[in-house]
Every structure is written in C-alpha cells, then in structure tokens.
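Two complexes follow with subunit A in common, the first pairing it with subunit B and the second with subunit C.
Take a look at the complex of A and B:
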C-alpha cells in the first residue's frame, strides 16, 4: 500500500454561471481511516464528488483520485472506488438476488462473506424486489453491495439522509464494525454531527467550495470555546470581539462562541467589565454549526 | 454487459409484451378489413409515424430515467466501460423494439403469405425491417435527445426528417434508413458518457455532433422563412394568395381556365391563322393533360404510389400486381381463393416494368382495363382474360399519362406527346403514332398541357410552371404548338411568364447555406432512382442571390473567428472553426455558439472568511 493521498485536488474550481461551487480547492486526503466532510448545503461537497468520479468537468485545476486523473478513470479504477449516495439508487424492478448476482459478476474482488455479513443485519429476502425494500433496507443492501466490492476507497454522500433513527444506527454500526472497511479509506459526507463524531478520524469542513478545516474532530472542537460572562453594563462592541462565531444574551448573561481564543479571551472579557466568567466545553455539533453559521447568508434585517 | 442487457430487458419486458399484443391486434383488425400489403404511401406513413413515435418515446423514457444525476452515477460508476454499458442498454432497447414492432409485423406478413391468397412479395417481407430501422433510428434520436447537451440535443431529429424526405424507395429506402440509424447510433454513443453535456473531444465526435446540428439550424432557418411567408400571406401581398394575381405571371396562368390559358398562349401569335385558332379555341372543347402527381413506381417499392390492382367485374376477380412475379395474381372476390396468374400475351410473360391500371380510354368492354408498364400500354381483355400490348413508346421513354381526345388517344411520355388513332389501338395493331411532338422543355417543369382539336390537327399549349416557385424549376414560360395531320409541328407562340416570386424567395433554400443545401440534395437523393418526372431545366443562380450568399459566408467567417476567439481551444482549432463558418455560413456559426460554451472567466483569488 503506498502513501499517496487517495484524493488530491490542486486549485480546483467549478463554476456554475457566475457562481463558484468549488473555489480553488487544494485538498489532500491521506490513505486510511475515516474522513468526514461536512459543510452547509451548497458548500460544494456533492460537486466535488462528481468531479472526483469523472461525472462533471472542472472549470480549472486538477483532481486526482487514487492517483488517477479524474477525467480519465478506467473501469479498473472504478472497481477500486465504492460510492454510496443518499438515494441508494438501485434498479427497483430487479430482485435482490438478481442485483447481487449482477454485481458479483462485475466485480472481480467480490467478497461474498462481506456481503453476507452486512446483509445479515437487515431483514432482506433474496427474492424481494428492490422497490419493495424499505428505505433502511435499501440503504443496508446498498452498503452490503458496496462493501462486498472490496474497494480501496469508499465514498459516502449523506448515506443516512431520510433514514429513521433505528435504520440510521443500523447503517452506522454495520459500517463501523464491518471487517470489509478495515483495509479501505472511507470518505463520509454528512450533515449529522453525531454520526461524524462517532465515525470520523479526520474532519474536513468545506464552506462555499473552499477548504476551511482539516483536523481530527477533537482538535477542531478544542479550537472553539463557549464563554459566559456576567457584564453589568453593555457588552463589548461585537466587531471588537476576537474570533467571534456567535453571540447571545440570555438571562442577563453574555454568551460568546469564539474560535482559536485561549485564556487571553478571559482577559478581554475582564477588560470589558465582566465580573464573573465561565468557560464551557462545546459539542462538535455546536462547534461546527457555529463555525459554518458565521458566514451563512442571513436576511438583511436579522 | 449481458447482465445489464438482461436487467434492462426485465425492466421493460411487461410493457413491451403488452405493446406487441396490442400491435398485433391492430394489425389483425386492419388485415380483416383491407389488404395491408397493397396500401398507398400515406397509410405506410401513418404506420411508420407510429413506429417512429414508439422508438422516440422509448429512447426518451429509458435515458430520461437513467440520466438523473444519482442514477447516472450508479449506472456508470462500475468496472464496465461506458461504451459497453451503452451497448447493453441500446441492445435492450433494440430488443424491445424488435419484439414490439417487428415481431407482430412478421407475424402479419406470415399470415398474409400462408393464411390467405393475398400477394406477398419481397417488399412486404422487407417492411418489418424498414419498421425496425425507423423505430431504432427514432430510439437513438430519443437517447441523444436525453443525453446530449440540452442546447442542441434536439438536432438529431433531422435524421428522422431525412428518412421522411428521402426519395429512395424499396430496398434502397432501407439502405437510407440503415445509414440514418447508424449515424443516430454513433451520436448516441458520443453522448453516452459520464460527464453528460460536455463538448465532444475527438474530431470524429465533433463532426457527429456538429453536422446534424448545422443541418438542424438550417432547417430552422427554412421554418423561419415559412413563418415569414405566413405573415406575407396575412398581409395579402403573397402572389399565390392575392385576390387578383400579378398580370402575366405563373399564378395567373395557373388560375386560368384551360380555354383562357390556351387563349393567353395565343395572345402573341403572329401566324395568319391565329385569329381563326382563337375563334376555334373559343368554340371547341379544350382538353387538359396533367402530369401524374405520384412519383413513378419502381419494382419492390414499399408502398403503392399508384393502385396495383384492378377488378374484372364480370369474372368477379381482383387482379393484383406481384413485384416478385412481375405478373398479376388473381383472387376470387367470391371465394377469396387464388385463381391464377396473368402476364403479357398468351404465355403470360412477365411485365418489363411495374404495371399500373390507367384511365379508361373509351374501349367498349366495361371489364376491360388499360394498363401501363414502362413505355408500353396494355389492354386487359376480360373476355379472353389476356393482357395484350397496344402501343409502345420508344425504348427508354416512360409513358406518363393518356387521354382520349376525339377519335384519338393522346399519350404523354417523358420526352414527347404522341397522338394515336384509337380505332387501331383497340384493334391491337400496335400502331405507330400519327403525330409526335417533342416536349419543348423539361418534363419536370411541365405544369399542364392543353389540347384543342383542329380541323387538320391539334393546337397544343405547354405551360412550364410546375417548379416556378422554387430554384429547381425553369424560368416559367408557355409554348403553343400546332401539329397537323401529316405530323408536321410548328411553333405558334412562346410567352415568357413572370416568376411572381422574387429570387430571394425562390432561392430561400440555397442562400442561407449553399454547402448544407448541397448536403441536403445529396442526402435526400441518396440511393434514389432517377424519376423522369423530376427532370428540371434548372437555371443558373442569379448573381444577386450569389452575392447575398457570399456576403453571408464572409460575415459568418468573421463572426465565427470572433466566437472561436472567445472559446478555449487551440489556434489551429480556432482557425478550423472559422473556416467551417466561412464555408457553411450561418448554421455553422450557430453550431459553434451552441456546441462550445464561451470560455469561463478566470476565477479571481479566493476570499478568505475572517475566521479561517
């Protein structure tokens, strides 16, 4: 196994009319472990995947997946890349057995044990039509098909979207505890922070088509702090609050969510007249949401 | 690939079988009430349109469901080359059409051949193949329409237009349909790629997309011209629609009664006998010979341009011409059984050309029938059930129409007008013509012929107006001739007619793009047999129209160069596009604009959010 990144983009741009969906993206995703990509709607995640899989031409820049130029992927390259999308698009008119048999014949490294292990978590009967499966069962079937392909790189694009809590948990646990994922790199894109928190070794945050963060989730969470200050008079001008992501006044107390501010922030609050100061830990969900909400478009009156 | 084919077939199987059953029932119904093998062109067109729409809808539906982003990704992101996936899906589509369209047709032909006394020729066996080509071509057009860039994906429709307009008939028509299908298939293969809508990369792929697109733009220009013409008609100044047509023009001469048309032709006659002829025309019956509207029927033509059967009402037999046997096959109207074969003469020899019944020439026996085949006119004698030749034009000439005029029969060939004594004709003497008058122009330009019987011959007016509204036709004129009883011919008067329509209208198919016009003419005539009725004396293109075309080509070159400079391409490619724009004209400019998006502006430096 080489150390080349599984995904590499250099100055990648994709323009839709006047809008940049991918904005000079320089990204390197190392081989191994689970990488989560998060971002608000329109951050460019799906566009990035489509470019990486050769389904959308880039406006400029370069993109490589498993060391291959995305514009010239061969069938053999595609065999090494598993992809699961949120719709779990499978031929609804075919039976589970027929789809499985077709996939088995197409993928040279098909692992029947991995398939059986994964599909065993779901109440799926081989003679059932795919269209008769529940959304959760279809997701599980799709996961089983993808894992059985033994890909080097597994890309999940919001795979649990629309699943209920039980199906979501079943999907994640199947993914996490499957032997089939041991030797592959997983790129997991989701809006569900609790999922990211459970599965991700590396957190990639995209915003407006650009890379904003790449670090382990705990490292990112430690960059965001929640400070609560009791300031008897007016709080500081928000424009002067360093690293401010979010500010609120609740029950007479000032709440500040700030990025990359150490203990020096307490000195800033004291200087602003704070009498009592508390420093609270934040969840990954809160940290990411605050980070992304900072530049989210809001109505002018808000 | 086999798995995908099987999967896709499974997807449509139920619907295809239901369609095939419904198709078979429709055919069975129509076969009960008519002989589907002997239908005219319009019936064939109706069925063809049904198969065309079937193929088109299948292609649109099949690819419409696959082309949604996630479906497309799921379909193509697998260890199978896109072209193999395409072949599998197309094979499934082809198989569906084979079962839904071809199989019921073959069953219908088989029933005709083995379950009835109706004629089944090679042309009938070829019909299902033609239906498959039409449906398959439409299917690929639908595939392309769904997968190609939406700015030009409808351009493949020109291939269907080509099939409709192609002049080739019989097996040659199948060849044209096969070529159109092959092109549509290649276009569908070019469009079938992961990055849908991206411009083609290779030169061949570019040509496969660009040429139909340019023809489509050219067609749209013609349609726009038609819309302008509608406006012209609404204004009330269109020559063909004016209450009083322009004096001395084609429209006026066409609208005149045969008598007035003859008199108009004599207006400038300077012969001393002219006043007498005018008086005679005013008092005599003026007979009109019109060119046949239907094209000449060729052997194994898929449809009947003219009726292929006639009835012997006394013997209760319907005689139907067999293209395979080149003889008539008889079917009893009473029992529906085969009652024999009818050829030429006592030994029932095959006809030298496809035979069609002709108008009655006043023969005494009501069940007798006049038949025309090639250059020969035959008579079916009901009493003896024999077909005997009655007159023959010189070899190589086509007999187009006949008309009884007094005691004579006027016979129009594609080179001359002949007069025969009808008594000799009925007696079976194979007479020589009493008079022959060479057509003073080209047959394809001939509008009407008026004949007035004089005391010592005939006065004949030829109006060459058939294609006067079009660039193919000769400059319109009227020519009046006199033929005397000794066969001497004299030009009485020639009158030049106004074309009514300005050159910019008559040459509307040429000046927008002479290159595509040439391509159109070549493709429409591909594999077609020359039709003697299409022989025109096409005049040279006027210099004003040439100047207009060259100006458009020059402007197209400059606009093409400018458009190419705004697109991401090499200097060589840029020059090639400009050159093509210069040669092809406006359609190529539109093609360049639609096919290749303008280069996107270089993205500016990224704007970093404050917190990053």
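Take a look at the complex of A and C:
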C-alpha cells in the first residue's frame, strides 16, 4: 500500500476558446475512502475527469492518475481504474452475456464473484439486449462490470443521476458495503447533497475550474453559519459584511449566511446596532448551496 | 448469551446536525431513558451503517465518541456494549456530585423544619426503591 495520491494535478489548465474550464488547478486526492466532488454546472468536473482518464489533452500543466501521466496511460494502467459515466454508455445492440464475456476477456483480474454480487441487486437477465435494460438496470450492470475488473480507483461521473429510489439505494449499498469496493478509492462527482452527506468522507468543492474546498463534509458545514438579527435602523452595507455568502431581509429581520466568521460575527452585528441576535447551524446542503450561489452568475439587479 | 439489540434510530439528511451527531444523541437518549440497558450489545458498525444507508466511517466515529464518553464499552473481539452507568464519571467527579446533591437536599430539609430522624427514614425508603429499580 503506498501513500501517493491517487490523483494529482499541478497547474492544470484547459481552455475552451476564451474560457478557462480548468484554471491552474492544483489538486491532490489521497488514497482510500470516498471523495465527492461538488460544483455548479460548468465548474469543470467533467472536463477534469476527461483529462484524468486521458480522453482529452490539457492546455497546460500536468495531471497524474495512480502516479501515471494521464497523457500516456497504458492498458495495464487503465485496468486499475474503473470509470462509470452518467450515461452508463454500453453497446446497446449486444446482449448482457456478450458484453460480460467481452469484458471478462479484456481484464486480467476479472472477479466473477464481484460481478455476481453486484448484478444480484438488479433484475438483469443475461440474454437481454443492453438497449432493453432500464436506466437503473444499465447503471447496475455497468457498476458490476466495473467492479469485476477489480480496480484500485473508481471514478464516477454523476452515477445515480436519473435513477429511481430503489436503483439508487442498490447503487449506494454496493458502493458502501460490497466486498468488491472495500479496497477501492472512490472519486465521484454529484449534485445530490443528500447522497453526499451519507457517503462522502471528503468533500471537494470546485468552482470555475479551481479548487475551493477539501475537507470532511462536517468540517465544511461548520464553516458556514446562519445569523438572524433585528437591526432597528438600516442594516450594514452588504459590502462590509465579513464572509457574506447570502443576505436576505425577511419580515423586517436581517438574515446573513456567512463563511468562516465564528462567534465574532455577533460583535459585528452588535456594532451595527443589532438588538436580538440568533445564531443557527446550517445543513450541509444549505452550506454548499450558499457557498456556490455566491459566485454563481446572476443578472445585475434592476 | 447477549444478543445484539435492535437500535431503532432514524437519521435525517439535510439536518443542521451532522449524521454522526444524530447517532450519538440518539444512543445517549436511549441509554438515559433505559431503552438500552447496561450490557446490551449494539449493532456492528457495518450493520448500523447498512441499516441507515450511510458510510461506515460515520458510525465508527460516533461509536468512538460514545465509547470515549463512557456510554459504551468495547469487549475485545465481541463488539460494543452499553456500559454500566457509573463508569461515566471519575471517582472525584462522582464524589463532587454526591456532595452537591447532599448539600442541596440538606438545605431543602432545613427549610422544611423536618426532624433529622424522619428525614433519614424517608430518604432510606426512597433509596430502597431506587435500588430495586436498578437491580
């Protein structure tokens, strides 16, 4: 077991026309546990995955996966990486058995038990054509194929997108409790905070192609706080509110969502003339949404 | 033979309390109300994680906190059990709280102008009931 990061990028950039999809990204993802990557649409997550898997060249900078340069991955490197994309793209004209047989030939470390254990959660029959499977069944089949190759690293791009509750649960159970994933590092991106709260050991937040957070989800949550204050006169100029993520005025009370302020924020509110001050913890969902909403492009207020 | 006791707790995502905190609070509450008795075995880390569909590391951290606080005790190779309540406090802390309880009792009794013998008799009766409850 080595301690090298499973993923490492140094000054990575990817330019699409005039836009930087990945902006000088320095990222290190440690081996072990489950890492969730969160970001608004267009934060660069899918572009990052494509570069990491060698499907797309970077504009500049370096990227390594399992210690190998992403530009020159060999088949032997690739069998150590399991990739599941959101579309669960598999050849629709082939039968489940035929796809399975093909994969079994491709991968030297094929583990039939891992395949059987995973596929057992789904109602998939070998003679079915892939195109006849439901989205959830295709996801399960894809996961079974990927786990059977016994990868060290699993990379998922929105794996549960569009799955119904039953299929989603089966997917998560396999991810969390299956023997096949026990020694895997999992890196996955998702928009579903409810799911991330349940599964992620580490929360990585990307914004506009750059890294914004890398910590356990609860540590991130505790950085964000919701304050409610009764300020009899006018509230402070929003540009002066420290760490402000979101401000609202509801029923005459001022609501502030702030980052990294601690109890000292009460002093700020008192200095602004606040009378009644309440400090509320926030959910992970609220913390992440507030954080991402701050820089989300919005039309200029009229 | 001790068997694993069901731990019928719920967790909610989207709550301001982290999932690990919710587990710690729920277990403490169940022990405090006597729903989980000393000596009862808790579900395994993996079992509870699966029951709640959460990461086993979250359960492991919650159990570690409960163990550090003395609510649970680990028996080598067997799992986690609800600890005897007295182990939650150090000897000095217990003495301090006992002194505090006696002081406040005495002050109340003084105010009631109750003769000490009668107070003792009543106290003795109350403690006998307590002894039966915990037996």
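List of remarks:
The criterion applied here is as follows: the second predicted complex is superposed on the first by the 301 of 302 C-alpha atoms of A that agree within 3 Å, B and C clash if a C-alpha of one lies under 4 Å from a C-alpha of the other, contacts with A are read in each partner's own complex, and residues count from 1 in each chain.
The rule we apply is simple: a contact is a pair of C-beta atoms (placed from the backbone, for glycine too) under 8 Å apart; a residue touches a chain by one contact, two chains touch by 3 or more.
Fair warning: this is a prediction, and the values are worked out from it, not measured in the lab.
Of the two partner chains placed around the shared chain by superposition, subunit B is the only one that A:81 touches, whereas subunit C remains out of contact.
In the superposed pair of complexes, A:34 makes contact with subunit C only, with no contact to subunit B.
By the touch criterion defined above, A:197 lies against subunit C but remains apart from subunit B after alignment on the C-alpha atoms of chain A.
Of the two partner chains placed by superposition, only subunit B is touched by A:24; subunit C is not. Judged by the touch definition given at the top, the superposed model places A:281 against subunit C, while subunit B stays out of reach. Residue contacts after overlaying the shared chain place A:55 against subunit B, while subunit C stays out of touching range. Legend: residue contacts after superposition of the two complexes on their common chain; A:259 is shown touching subunit B, with no touch to subunit C. When the two structures are aligned on the shared chain, A:89 is found in touch with subunit B, with no touch to subunit C.
Set against each other, subunit B and subunit C touch different numbers of residues in subunit A, with B touching more. Taken together, the two complexes place no residue of subunit A in contact with both subunit B and subunit C. Subunit B makes touch with subunit A in their complex at residues 3-4, 7, 10-11, 69-74, 76-81, 194-196, 198, 600, 602-603, 605-606, 609-612. On the side of subunit A, the complex with subunit B involves touching residues 13, 15, 20, 23-24, 50, 53-57, 59-60, 73-76, 78-79, 81, 83, 85-87, 89-91, 93-94, 98, 101-102, 105-108, 207, 210, 212-213, 243, 245, 259-260, 291, 294-295.
Those residues of subunit C that touch subunit A in the shared complex are 13-20, 46, 49-50, 53-57. Chain contact summary for the complex, subunit A toward subunit C: residues 33-34, 169, 172-173, 176-177, 193-194, 197-201, 217-218, 221, 280-285.
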